[in-house]
Amino acid sequence: AGRHAAFEARVAADEFIEPKDWMPEAYRKTLIRQISQHAHSEIVGMLPEGNWLTRAPSLRRKAILLAKIQDECGHGLYLYAAAETLGVSRDEMTEALHAGRAKYSTIFNYPTLTWADIGAIGWLVDGAAILNQVPLQRTSYGPYARAMVRICKEESFHQRQGYESMMQLANGTPAQQRMAQDALDRWWWPSLMMFGPPDDNSPNSAQSMRWRIKRDTNDKLRQKFIDVTVPQAQALGLTIPDPDLKWNPARESYDYGAIDWAEFYAVVRGEGPVAKDRIKARIDAWESQSWVREAAMAHEAKRQNKAA
Amino acid sequence: MAHDLAVRLGDDALILGHRLSEWCGHAPTLELDLALTNIGLDLIGQAQLFLGLAAAAEGEGRDADALAYRRTEDAFQNCLLAEQPNGDFARTIARQFLFSAWQELLLRRLADAADQEIAAIAGKAVKEVTYHASFAAGWVVRLGDGTAESHQRMIAGLDWCWRFTGELFEDGCAALRTEWDARVDKVLAQAGLDAPEPVRGITGGRRGRHSEHLGHLLAQMQYLPRAYPDAVW
Amino acid sequence: MAHDLAVRLGDDALILGHRLSEWCGHAPTLELDLALTNIGLDLIGQAQLFLGLAAAAEGEGRDADALAYRRTEDAFQNCLLAEQPNGDFARTIARQFLFSAWQELLLRRLADAADQEIAAIAGKAVKEVTYHASFAAGWVVRLGDGTAESHQRMIAGLDWCWRFTGELFEDGCAALRTEWDARVDKVLAQAGLDAPEPVRGITGGRRGRHSEHLGHLLAQMQYLPRAYPDAVW
Amino acid sequence: AGRHAAFEARVAADEFIEPKDWMPEAYRKTLIRQISQHAHSEIVGMLPEGNWLTRAPSLRRKAILLAKIQDECGHGLYLYAAAETLGVSRDEMTEALHAGRAKYSTIFNYPTLTWADIGAIGWLVDGAAILNQVPLQRTSYGPYARAMVRICKEESFHQRQGYESMMQLANGTPAQQRMAQDALDRWWWPSLMMFGPPDDNSPNSAQSMRWRIKRDTNDKLRQKFIDVTVPQAQALGLTIPDPDLKWNPARESYDYGAIDWAEFYAVVRGEGPVAKDRIKARIDAWESQSWVREAAMAHEAKRQNKAA
């Protein structure tokens, strides 16, 4: 009980907990769940963007997109490494993803239907991710916080690139403008859902905030996202697909329409439009190529035998 | 002359970079996903520079994107090896090793060549390509010397690619052959693999006569600029 | 109204016919190669007629080819089931059975409907589609009641397709549901297969919101008319 | 010896030999080789055309091409059935093809690089095939002759469609005209090679002609093809890629340049540009889908058990 109180005190004092430090089992489990979910999201998130790599419309855009997806793969690797310091292996986490026991962000269960979706993902999805992640640079678990510092820097670069890509479309031909508006129409609501269920329906939030695994409530972050993003959409000449969206001078914030939480929970349950495609792609890549991983291990064993 | 060389170098890089981008999200490990997209990105970067040079040399107001996205199959001058489908990971590695080992030798020479513009790009690219060749060689050895299955797959991968290697030494590249042979022999020996039997080479890529695979690749790659001819992206 | 219906029927036939043409030369037996290309050919024929009707109804000087080859993804109104990738033979058969059983019911009704132009095409097509549904049903039974492997593959094929079946009964087709359910239940029972669990349906195709697969299909299909905008073939 | 003489006499009298009739072993073997090679050519020949099915540029062209390839598959089936009457199974013939023991026409080891190749194949390849095949309608083996009657009718339909498709290109845009000329440039010489080696290097021809398995010499058919095709090319405004081609008024035939027989024999040896792609496609289709054939047999066995 003494070490428990000491742990809580260190966390409350915004000190970092390190892998060798004692920590409550629930803290460890919650972190594993959160960090691995975040890692899985980076990896599954490569798929909707990868869908347009072979059709990127200019060499510059192709290079930017390749670099972005590469960064995401790197983020996944940092995050798996951070989770591994908590005593879980990457293979175990991968297995949990493939078996459906571990989640990833619901947003990646929506399809990328046009090139504008690549811009919209950078602008909206990375934008929302940054708001979720910036506070995590000061989260209580040291390895996670340090991974987030690097990730956040790259994410805001991606977000600016995404917005720039949308601007190109918004200033482009009528067909490009339509494409941009259509992308906003489809990605707006799923982006708002990225902040999670409303506060009055988010049971673990209080504990996570006390542990500094979370630093703001879902609704507060969501409101912040809306307030930042609406003027950006206006600057692009695009319309947010929410007839109830209105500036509220009293709150100095935008009021917004009701979110379809039934849709959110359906996608969380694995019923998103392309959920089956996403997880099948990951499982196929993993299972049909186990021979490569086995070959690398066999060769390494032979090499070490020779060296011995 | 310099123009043709820039087109060939640019098309090789573009088409092979595109092929590698098809792996994205589907590699056997995350580290390999990162490595393959990384090589792909280097190659797309080289394609921008070499095709930019080629377009400027033409002096017809086209740019690198116009060359990449508005030419038809028969105007592409990449080698046939670069356009071969990925196949399994072993074939991708065979293709990469055979190509990068050659590209490294060529770029090394060009980095010291008289043409300053090509030399500047080659000098930058050769550092990247040296890594590509060494990465791929490492995996040729791992797969050749790994399990029985990986050994067989590596043989099949090399066998698929081998008939396209003769083409690499056409068009003034004959002098690279001895050094390339030595490098390939050395890596295959380390991998416990025999060099494939000599076969009749298949050529034509440098003259715009490709395999059936390039057309499908370009149909995807060029779709947006073709479908929206007036748009800038 | 009749225009929308003709576009939907035409796009269904075009996209599924295209998918079947991808099998050509790669089917498990020659007889199946013949059967799949035969069904594909019937569907392309239907697409010509229905899209021709739709183009005429528009009155904007377009023809069936303009609709097939010059529209972007978001203007296609085919159901999502039709655009699903072929997968293995079991998935192709599952897709064909679920689709053709529905299409047969719809065309039967339309053959007696008030719109004479649609009725004429439907009356001709329903004979073809009756064969498609019966051919596919036969293979659902063979694979379901074949070996352990084919049984598992048939389950996986149905499982892949099932979530797209709800969409078939949108847009005035709700009345077909009971009869379709009965037909499907009967064939699955013969095949020794359970009907897949009800799932949340995935829809959007009729409003131009497709899966990621359609864009790749169109990039291939439309390549030549896009690359050579002035040419007539 | 008596039945041998009787056989030869029937053949010499242009009578049909039927499956139940006695025939020399060499005759049977030669026929199996020739008919199965012809069947394999129909099946492998589906691949170069199938390569453009998904990119056919109009609905009409797509339908025509689908119908054509379907006919070829049907031809393969008739021909396998004809060969089976000689005591060899389709599975045995398939196995011989996949193992490289059986040949197919060298022409299908060249790639189809543009849409014009589809027209060129119909015009030139089917045109050459018809000249080879028309005499076979009167070949001495009944089942083969009857298969050829049906095949020839369809082939000449295909040939006309191919020529019509070339005409559309030749009368089209400059890009289409270049495409048509390029296709002729690539397909001309391989088409001439379809008639086989020159007569002075065709050792089995005399025997085959005595048996009425062949009715004209290779060179005679080749000359006939050239004489028919050159005016067709002229009508299209296309140039035959042979600088030595010249009308010879004395012979009332075209003189033509030297054929690269080294190339021909290389392709016969399996070294054609896409030989590996072709045979791999067939083997993959066959081997990776054996489960379908096994399922059909298992179901049929169960069905018969129930009926019994």
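The letters A, B, C and D name the chains in turn, as written, and every chain counts its residues from 1.
Throughout what follows, a residue touches a chain if its C-beta (ideal position, glycine included) is under 8 Å from a C-beta of that chain, and two chains touch if they have at least 3 such contacts.
A quick map from chain label to UniProt name: B, C = Ring-1,2-phenylacetyl-CoA epoxidase subunit PaaC.
Because the structure is predicted, anything quoted here is derived from the model rather than measured.
Interface comparison, C-D versus A-C: the higher number of contacting C-beta pairs is recorded for C-D.
In terms of their C-alpha centroids, the spacing between chain A and chain D amounts to 57 Å.
The mean-CA centres of chain C and chain D are about 34 angstrom from one another, to the nearest whole unit.
For the pair chain B and chain C, the distance between C-alpha centroids works out to 39 Å. Per-chain CA centroids place chain A at a distance of 36 Å from chain C. Listed for chain D are residues 55, 175, each touching two or more other chains. Listed for chain C are residues 72, 215, 219-220, 223, each touching two or more other chains. An unclassified topology is adopted by the chain contact network, corresponding to no line, ring, star or complete arrangement. Which chains touch which is summed up as A-B, A-C, B-C, B-D, C-D. Interface residues of chain B, counted against chain D in their complex, comprise 72-74, 160, 163, 199-200, 202, 204, 209-212, 215, 219. For chain A in complex with chain B, the residues that touch the partner chain are 43, 46-47, 50, 53-63, 66-67, 69-70, 73-74, 76-77, 80, 115, 168-169, 172-173, 175-176, 281, 284-286, 289-299, 302. Against chain C, the residues of chain A that register as touching in their complex are 48, 51, 55, 111-114, 175, 182, 186, 266, 271, 273-274, 276-277. Listing the residues of chain B that touch chain A in their complex gives 14, 18, 21-22, 24-34, 37-38, 40-41, 44-45, 47-48, 51, 64-65, 68-69, 88-89, 141-143, 145-147, 149-150, 153, 220-221, 223-225, 228, 230-233. In the complex of the two chains, the chain C residues touching chain B come out as 72, 215-216, 218-220, 222-223, 226-227, 229.
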